[in-house]
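Per-chain numbering from 1; labels A, B, C and D assigned in written order.
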Amino acid sequence: MPFTKHEIELLNNLLPNEVEASRARAAYGKTASYIPELAKAPQDALGIHMIDVDGTTVSGGDCGLSFTMQSISKVFTLILALMDNGEQAVFEKVGMEPTGDNFNSMLKLELVRPGIPFNPLINAGAIAISSLIHGNNPAEKNARVLSFFQALAGNDTLAYDMDVYRSESDTANLNRSMGYLLKDNGVLEGNVEDVLDVYFHHCSISVTCGDLARMALVLANNGTDPLTGTALIPRRYVQIAKTFMVTCGMYNASGEFAIQVGLPAKSGVSGGILTMVPGRAGIGVVGPALNAKGNSISGVHLLESLSRELDWSLF
Amino acid sequence: MPFTKHEIELLNNLLPNEVEASRARAAYGKTASYIPELAKAPQDALGIHMIDVDGTTVSGGDCGLSFTMQSISKVFTLILALMDNGEQAVFEKVGMEPTGDNFNSMLKLELVRPGIPFNPLINAGAIAISSLIHGNNPAEKNARVLSFFQALAGNDTLAYDMDVYRSESDTANLNRSMGYLLKDNGVLEGNVEDVLDVYFHHCSISVTCGDLARMALVLANNGTDPLTGTALIPRRYVQIAKTFMVTCGMYNASGEFAIQVGLPAKSGVSGGILTMVPGRAGIGVVGPALNAKGNSISGVHLLESLSRELDWSLF
Amino acid sequence: MPFTKHEIELLNNLLPNEVEASRARAAYGKTASYIPELAKAPQDALGIHMIDVDGTTVSGGDCGLSFTMQSISKVFTLILALMDNGEQAVFEKVGMEPTGDNFNSMLKLELVRPGIPFNPLINAGAIAISSLIHGNNPAEKNARVLSFFQALAGNDTLAYDMDVYRSESDTANLNRSMGYLLKDNGVLEGNVEDVLDVYFHHCSISVTCGDLARMALVLANNGTDPLTGTALIPRRYVQIAKTFMVTCGMYNASGEFAIQVGLPAKSGVSGGILTMVPGRAGIGVVGPALNAKGNSISGVHLLESLSRELDWSLF
Amino acid sequence: MPFTKHEIELLNNLLPNEVEASRARAAYGKTASYIPELAKAPQDALGIHMIDVDGTTVSGGDCGLSFTMQSISKVFTLILALMDNGEQAVFEKVGMEPTGDNFNSMLKLELVRPGIPFNPLINAGAIAISSLIHGNNPAEKNARVLSFFQALAGNDTLAYDMDVYRSESDTANLNRSMGYLLKDNGVLEGNVEDVLDVYFHHCSISVTCGDLARMALVLANNGTDPLTGTALIPRRYVQIAKTFMVTCGMYNASGEFAIQVGLPAKSGVSGGILTMVPGRAGIGVVGPALNAKGNSISGVHLLESLSRELDWSLF
C-alpha cells in the first residue's frame, strides 16, 4: 500500500522542522575516525529520501550528499550469498543471533564454539559472507556485487569510491585480524586477503539517500521492484534479511532502535541508514555524525520522530 | 482481524499430524533439571491452544497439562513495572539489547558498565524488574502480580504452585548470586531476598495453554481484551513488550526463532511458549522437553511448521 | 641466616629517608572505599617492621598503626585448610593458577569449567578455603582461626575488629554474589552465609606491622617460629603458601611485584603487606593509600627500594 | 655452587628409573597437531640433560633427539629485546602479568585497555617482542637472533629448521590474527608479516636437550657462561627472565609447576622444557607428548620427581 495523500502531506509538513531538530543532535556525535577518509564527511549534514510503492517521493535536507554504504552493504551481500548458495550453506558459516557485543568484537569467536560469527551483519559475519559470493576471483566477485547493487538501486552508475576503498584497506588491521581468526576457525575458504578485498570493496560503494531508498523499496516490496515489476530477490531471502535488520541491523543498539522506531534497518559508519515501511516505502537517510554505538545520531533521532508521528512500528 | 474460516479449517486439519510430528522431536530434548520439581514433567507431552480476537479457539495435543510460567511471566512483570513506574524509570535499571549470552549469564554485568542487565527478559533483568513492582512488602507485590495475571488470563483461579516455588527458591543459588551482584552494581533497591521472593513467586504461577493463549490475546490486541472490551495495558507498553519478545524472547535462540517463525514469543524452562499472531490471535504452547538453548524442542518445531504453512511471519 | 651487622646498619641508615620518599607516593593513591570503615584510615601513613631469625628488629614510620588483615589473612587460612584437609582435598576446590583478572572477578567462574576458583588468594578462592576450615559452626571455626593466627604472631591479644567486620559484612554484596555462585558451581559445602561469616571474620583480624612481621618470620623460617623453636606449620604447606605469594599474592600486580621486588608477599586492601626474606626475616608494612591494583602505593614503593638496595630478589 | 658428588651419584642412580616411569605418562598426552610438522615427533620419547656450573653433565633417555625451540625461544628474544631497547621501552609494549588464559588467547587484547599483551611469554607478547629486535629487515633480525642463541648454547651450528618454519608460517592463521590485532592496538611497529617472519623463525631454531641445558646454564649463572667466563647477558635481564619463567613460563599451568617443581622454566609445544637450578645447573628436557595445557606430559612428571627428590624448589 503506498503512502496515503494525508501521509504525504503530513510528511512534507513535518520534514523541514524535524530535519532541523534532528540535525542539531549532530553536535553530540562525531564522524567515524578509524577510516581516515570517512572523517572528512560534513559533520552536521542530514538528509532523508523516501519512495513509496507507487513511486511517490518525499525528501528533505542534504539529499545530494554522496557517501559509501559501509555496513549497509552487508544486507545485500547476505542476500546475494543466499541466492548463490542457499540457506543451508550460508548458515553453516554464520549464525542467526545478536551478539550484545561491539560490531567489531572477536570475543565470541574465541569463547563460543564452533567459532562461527553470530550473525551476518557484524563485521566477522559479513567477512564470512564475502567469502561465499560466487566468482573465480575477487575481481569477478566485485563485479557481480556491484551489478547486483546497481539493479537493486535502479542506478547503473553506482560505483566504488576508490579513495575510501584504499583508506579502508590500508587501515583495516582489525578486520584483517578477524579474517585470519575466521580462517583459523575454519569459517573462510580461500585466501584471506582475497576475501577482505571483496569485503572492502562492497563497503566502499558510493550512494545517495535516493539510492538507499530504492534498494530499501525492493525489500519493502518483498523482492520485486514495484516501479519496474522486476523480481530481483526471492521473498524468503527478503524475509531473512528484514528479520536480521530488526534483530541486528543497528549494531548493539538494535534492540533500542526496534523499541523506539520499530522498522527493519541497517546503518553504516558513514552515517547512512537504510530502512523501510514494509509493504509501503523505502527510506534512505544520511547523517555522518555518529553516536557512541556507531549509528548516525541525527538519523536515528529523525527516524524516531517520524515513526512516532506516523505510527510506523511493526510491533 | 480474526482467523478466516479457511484458516480455521486449515489449522484443524493440520494440527493432529503436526502435533504428532513435533512431539517426536521430544526424544532429542530433555526436561529442565536445575529446578528439581520441573524434571517431573511428562517428557513427550505437547499441547497448543489458540484463540482469535473473535474468541474462536483451535487446540491440539495435551492442552490440559498444567505447568508453571517460569520466564514467560517476565513479559508481564515488565509490563506491570512499566505501568507502575513509567518507561524512563524502568530503563534506568534495564537496557534494551539482546546479550548473545546465556539467559543466566553474569558476564556482561561485570564487563559492561554501568552493569545494568542488558534487557528485562534475561534472568538478571527480570530480577531487576521484580524490584520495581510496587507494594510495601513481598506479599503485597506478589498479590498485585497474581491479580494482574488473573485479569490478563480472564481466570481468577490462577495460583502459585508452591511446590515449584519452594523447589526454585531452595536451589536458586545462581539467581541469588545474580541478585547480590545487581545489588552491588546499584541496580536493586531494598533487600535482595525480598526481591528474589517476588521473582520466584511470579515464575511459579501455574497455567495451561489456554491461559497463555488468553494472555497473549491481550497483547495481540494491543492491550485490550477483545472478548470483554476491557483495556488492561496501555498500547505503548504492549509495543515495548512485543518488541522485546522478538529480539530477546527465546533466550539466545531469539534470532533464529525470528527467522524461522517470525512472531513475538516468550518461552519458559517449564516448556511453555506464549506467542501470538499480532492483531489476530493469542497462542499458548507447552512441551516440557527442552533443546540446548532452553526452549521447548517440540513447541518450537510446531510453531515453525504452522508459521510456514500459514505465512505468519511479521517479516 | 639472620641479617648481618652490615645489613642492619644499612637498613637503619636507609629507612628514615626511604620511608619519607615512599610516603610521598600516597598522594597518588587512595584508601579503599568499598568497605566504609577502611576509608577512615590515615591516607599518608606508612610503617615497616622487620624481624630476623635471631629476633633482631628494624622498624620505621608509623609502626604503631593498627589495621585489619583483609586479604593477608588468606595466606594463613589456606595453610590452616591444608593442615585440616591435606593437599588433595584443598586442590579439588581451588586451583593453582594466577587469573589475570581483578581479585573480585567472577568471569572465570562462569567461563572456565569446572568453575572452581583459580587460586586461593583471590576472593572467590579464599571464600572456598573458608568453607574448608574445620569446626562445627562458624563460631568454632572463627575461634580456631583466631587461635592459629595468635600462635603465628606470638600475640594472644590478636582480636577481631568488630566495626570492620560489620562494615564488611553489611556491604559485601559482591562477595555474597561470589559465595552463591560458588555454591551453584558445587564448590562450597554448607550454608553460604555461614561460610561468608568465617571469611569476613578472618579479614577483620586487627594487627600491627609487628604482628605481620612475626607471622611472616614463621614462613621465612619454613614453619617453625625461630624465636621459640615451636613448629607451627609443616614445611610443605609453607612452600605452597610462599609459591602462591609469588604468583598471586599482590592481586593482578603480582607479576610486576615479582620482577620489581622478587619476594613472596601478600597484600590487603587495608594497605598492609606481609612479606619476607626467605630464611632470614619477616616483614610487615602498612600504608593505607592504594594504587589502582589495590596494593599499598607507598608500601610497594618502599619494598622496591629496599629490595634493590639489599639485593633481596629470589630471582 | 656445582652439584655435589652425592647429588651427582643420586641423579645418576635415579635417572634410569625416573625416565622410564615418566615416559609411561606419554600415553596420556599427544604431540602438537596444529603445526603439522610437529605431529611427526616420536610420541613417547623422553630425554633430559643437565650441566652444572663446573661443566659436569648428567643425562638420561633420548638426549640425541633434535626438536625446535618453539616458545622456549621467547625467553631469549625477550632478553635480546631488553638488551636492544632497555626495560622501559620493552615494558611499554608488553606487561608483566600472568593472564590465566590460553597462550594463544586474544580476549584480554580486546577487553583490557590499553590492549598490550599481558606478558612477553604468551604468543601475543612474544610477537610484540619480535618487533623490538633491532635490525633493518627480517633477515638481519633473524641473523642477530640466531647468532645470540648460538653464543648462549656455545654451539655455532644451531640453525633454523626450515621445514618447521614453513609448516608454522603456512598454518599460522591465529598468530597472524594476533599480529594484526596488535597492530590495530598500536603495539607493533612496521609490517605485520615482517614481524611474524622473525617470530616464526626464532620458534623454528633446532636444538637438543644439551643445547637447552647450556642456554639455561647461562641464566642459572646470572648471565655469564661459567664454562667460558664470557658475560653474555646483564644480570638484571636474567633476573627479569627468570621471574617471568616462574610466573608465566609454563603457559597457564605455571602456577601448578611453581608449586610442584618450583624452578624457573619455559616450555614449548615441541615438548621441550628449559629449566635450571639457579646458581647451580642448567637443564634441558624433551618429551613431545603434551598435556592439556600444552606442556610435555612426561617432562613435567620427570621434573616433579627430581625436584622433590633433590629438594630443588626455590620456595
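Here are a few things to note about the model shown:
The rule is short, and it goes like this: a contact is a pair of C-beta atoms (placed from the backbone, for glycine too) under 8 Å apart; a residue touches a chain by one contact, two chains touch by 3 or more.
Predicted, not measured: the structure shown is a model, and the values here were computed from it.
Separation of chain B from chain D in touch steps, taking the shortest path, is 2. Centre-to-centre separation of chain A and chain C, using mean CA positions: 55 Å. Work out the mean CA point of chain A and of chain B, and you get 32 Å between them. Centre to centre, using the average C-alpha position, chain B and chain C are separated by 48 Å.
Shown for chain B are the residues that touch two or more other chains, namely 111. Here the chains touching each other pair up as A-B, A-D, B-C, C-D. By the touch criterion stated above, chain C contacts chain D in their complex at residues 95-101, 108, 118-119, 239-240, 242-244, 246-248, 252-256, 258-259, 262, 264, 278, 313-315.
The part of chain B that touches chain C in the complex is made up of residues 105-107, 110-111, 173-174, 176-181, 183-184, 192.
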